[in-house]
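Following: one structure in structure tokens, then a few remarks.
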Amino acid sequence: MIGAVTEALSRALALLVGDPQADRAVPPTGFTARLTIFTAGAMAFLAVFAIALSLATGRLADRWSAELARTATLRISAPADQADAQIRAALTVLDQTPGVASARALTDDEERALLEPWFGPDLPLASLPIPQLIEIVETAEGYDPIGLRARLQAEVPGAVLDDHTRWRTPLVAAANRLRSLGWVALLLIAGATAAMITLAAQSALSANAQVIRVMRLVGARDTYIARAFVRRFTLRAALGAAIGSALGVLAVMALPDGGDAGGFLTGLGFQGAGWLVPLLIPPLAAIVAFFATRAAALRTLRSQA
Amino acid sequence: MIELQDVAYSYGGAELFTGLSLTLAPGSFQFLTGPSGAGKTTLLKLCYGDLRATGGVVSLFGMDAATMGRDDVALARRRIGVVHQDCQFLDHLPVAENIALPLQVAGRADEAAGDLDELMAWVGLRGQAAQLPPQLSGGERQRAALARAVITSPDVIIADEPTGNVDWEMSQRLLSLLVELNRMGKTVLIASHDMNLIRTAKSQVSANVLRLKDGRLQTGVAL
Amino acid sequence: MIGAVTEALSRALALLVGDPQADRAVPPTGFTARLTIFTAGAMAFLAVFAIALSLATGRLADRWSAELARTATLRISAPADQADAQIRAALTVLDQTPGVASARALTDDEERALLEPWFGPDLPLASLPIPQLIEIVETAEGYDPIGLRARLQAEVPGAVLDDHTRWRTPLVAAANRLRSLGWVALLLIAGATAAMITLAAQSALSANAQVIRVMRLVGARDTYIARAFVRRFTLRAALGAAIGSALGVLAVMALPDGGDAGGFLTGLGFQGAGWLVPLLIPPLAAIVAFFATRAAALRTLRSQA
Amino acid sequence: MIELQDVAYSYGGAELFTGLSLTLAPGSFQFLTGPSGAGKTTLLKLCYGDLRATGGVVSLFGMDAATMGRDDVALARRRIGVVHQDCQFLDHLPVAENIALPLQVAGRADEAAGDLDELMAWVGLRGQAAQLPPQLSGGERQRAALARAVITSPDVIIADEPTGNVDWEMSQRLLSLLVELNRMGKTVLIASHDMNLIRTAKSQVSANVLRLKDGRLQTGVAL
């Protein structure tokens, strides 16, 4: 098993390793060459954008999920004398609820900050009959809001649970939709690239039918001939993809940085390890080109005498 | 070396020839003549494994051509020098490299140097060594193709109309090259319409003349 | 002038109008044919997505601009007895401010609705010393917030202007960035398509060098030869683009519909006249192919004897 | 019809020939001979505007070739039937359509029907009418090329080695076709190495033999 894999690999490598003489059999330039390089480049460029979009929307979805989904608010409206008792009762209930990571009453300052946009900074909170708010942080699994509501109704009559679901769901869904759109675009681009490189390779092969005939005539084996074509196309695809990815990364970098202005939409760019992802494009393009050209070359060769 | 037994061939329609037998004995020199369209080129292609007989047995160097894989055919080709009727080259490589190509492919590139020069001088292409094949005249192409066919000093030389585009003097010169190779023990098979050439050859070497007409092959034809 | 345009047009049409005999001069199939159709198709497919993205983010940006940008809030904190007077003074100032389309004090009900998420529905508004809010709707040009603040400070000391800028700007910028990203992708796709079709045409032409030589030999004029190639490629590009756009539209329709869930992110799809935009892709591809092939054909012809 | 005055040509390197003059008078029949590589093909290409002289004046039907646009050359070609040394066709169209192509291109497709059949029979390609050009034998290609060159019944017929790949009988037949056309008043110029053919022609028609060698053109060469 391992032997077979090793052998397949070493044969693939033998196909790639340069025999500068065999290479000379294939005309070095021409439109199919440019076409291959350009196609690989353009597709790599688009791929960089699609990846950036996917990663950015991924981050966005994560952030929205985290910020919106994992918190809920409990509002307790009770006469001043019962407030403290109800808050304690509510906290006890919450502590016992599976899926609640932590719960704590907001301080006056925090409530004031929340209200400031509407009432200005000088709100005499203490003198107001405003409800007390409790912030609930969920665990990853989340809690059961219906069960919690039922228990609260029994034990803390003045409590109203606001679990933000009606906010959260559509936003996270939208971000996830954008993210999967990015991946779909990426798949499309990869598929289109493979198909175009195959077609470019095949049109190069049929344009070079005479080369193949001559090589066969003078006694060259199929692998000798195929190797020259495969090497050319693999290197061209890798070169094109490298240029395209580099330009793509530069273009992404040149996009106006969103910063975390608003803290809400994340900039379309790479972050941290994300910068390494475009590095994968040229080798992947080369692999695609390798197999596409190899299949095309062997097929073309066999179809000839 | 190469043997055809009771061979038939058809391009899909009617049979071009049937029951054709031919043996290329080592060291023999044979001419193939016949009207245009009789199937000379087809017959030669059977002899170097470019086409597969639709009937009968073709054996190349003792192997049945029908059972040979593509790599076997490639290896057999290294022992057969072929001049196509329409000479084709690698158009992006200079003439000299094209002529040395069979050595290249066989991994014997190092043998090229001395022979190549001498050979190119003999076929009168010394001045054209650096030209690309599309820049050659018709006769120059044929000479280059012949040089390419003989550079590996193969056991068998098969040439399809190798002098159709060269003048009489030059065709004599090419003939003497082939005669020389035949004297060294190579088997030679040439398709040609040029009766003068065949006559000249017969005066230099014991050549057998085959005639393909109406699907039948006559041997030992008198001119 | 009009004559010249008409003539150019009629020459372009003459190039397209079929001469079934001239057409037969160009081999009908082959890899370059498939390559052209496929390239045009794949690029049209991607273009449909890019257009959908651009239109959707365009709608998003418009909505956010409209919802967030054009309103501001004026908060008046004043002792109860002065409140009415200050509100009237503020409204007067606002009426006179250029760039303010309308301004009106919020009713108690509206204020209660605003506060409900935090304080529940039973807030005793009347008994609270909460500020009075005035909603300002800007005109398209907007007003000058600094000038307005200065005037308000002089005439309505209890007023605080909250013009939402710090909210609005990053969101609208983000949406606009997404929208321009869509257009950039579209431009890239169009450019790449043109280049690929040119290259495909040129490799077809160089693969058909013999056709051109033979046609010249028997006395065909350049335009006669070019016409056959141009027609082929134009029709192929249009066909490929039509297939690609159709598949693209189907794919966009098949995307999970965002509805207006959240009312915040709009679904990635076409709306109303937007559905007509993909119809433009095949003719545009054909036009691109027409000019690309024509230039390539005439160039190739002239480079030959 | 076609006149070369003091013409020189070089492919970039040394001059192939200089000071060469030649007049193809209407109704004349000329053979062009010379060793391989002398420049025969080059000279013919000058005569049908495929190459432009690097010196001197070439005039085609009274126009200076140097001042002719591409469309002028195309129109002149319709009056000249050309057989290339390496015959090329539209490989995806059947032989019959290839032969009728010049009529097609000139917008005279309707004239084809009768002539085409007769012509194809004459060059012995009746059985091959529906084959594609790559499926023809070498000689069949040459015959198809000749048929294509004469189908429009052009004023001038220029053929480069039109019988290099056909047997003696067939080359006689092709020659008689050209002689017939010449008797109808067409001008004929043929490059050939085949001395027997030239001798036969001289017995049928008053043919002039030109010899191109070492950059000089001799006229009225005796064989």
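Per-chain residue numbering starts at 1, and chain names A, B, C and D are given in the order in which the chains are listed.
The rule is simple: a residue touches a chain if its C-beta (ideal position, glycine included) is under 8 Å from a C-beta of that chain, and two chains touch if they have at least 3 such contacts.
Please read all numbers here as calculations on a predicted model, not as lab measurements.
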Maximum centroid distance from chain A, chain identifier (CA atoms): D
Separation of chain B from chain D, taking each centre as the mean of its C-alpha atoms, in whole Å: 29
Centroid distance [mean C-alpha coordinates] between chain D and chain C, Å: 62
Rounded Å distance between chain A and chain D, as computed from the means of their C-alpha atoms: 67
Pairwise touch network: line, ring, star, complete, or other: ring
All touching chain pairs, where touch follows the definition stated at the start: A-B, A-C, B-D, C-D
Complex contacts: residues of chain D adjacent to chain B: 11, 33-37, 39-41, 85-86, 124, 128, 135, 137-140, 143, 160-161, 164-170, 193, 195-196
For the chain D and chain C complex, residues of the former touching the latter: 50-51, 70-71, 74-78, 82, 84, 88-93, 97, 101-102, 104-106, 109, 148
Residue ranges of chain C touching chain D (in the complex, touch as defined): 21, 24-25, 27-28, 210-211, 213-222, 224, 301-302, 305
Residues of chain C defined as touching chain A within the complex: 30-32, 34-35, 38-39, 42-43, 45-46, 49, 53, 73, 75, 77, 111, 114-115, 117-120, 122-124, 128-131, 133, 160, 162, 167, 169-171, 173-175, 177-178, 181, 185, 188-189, 192, 195-196, 199-200, 202-204, 206-207, 255-256, 258-259, 261-265, 268
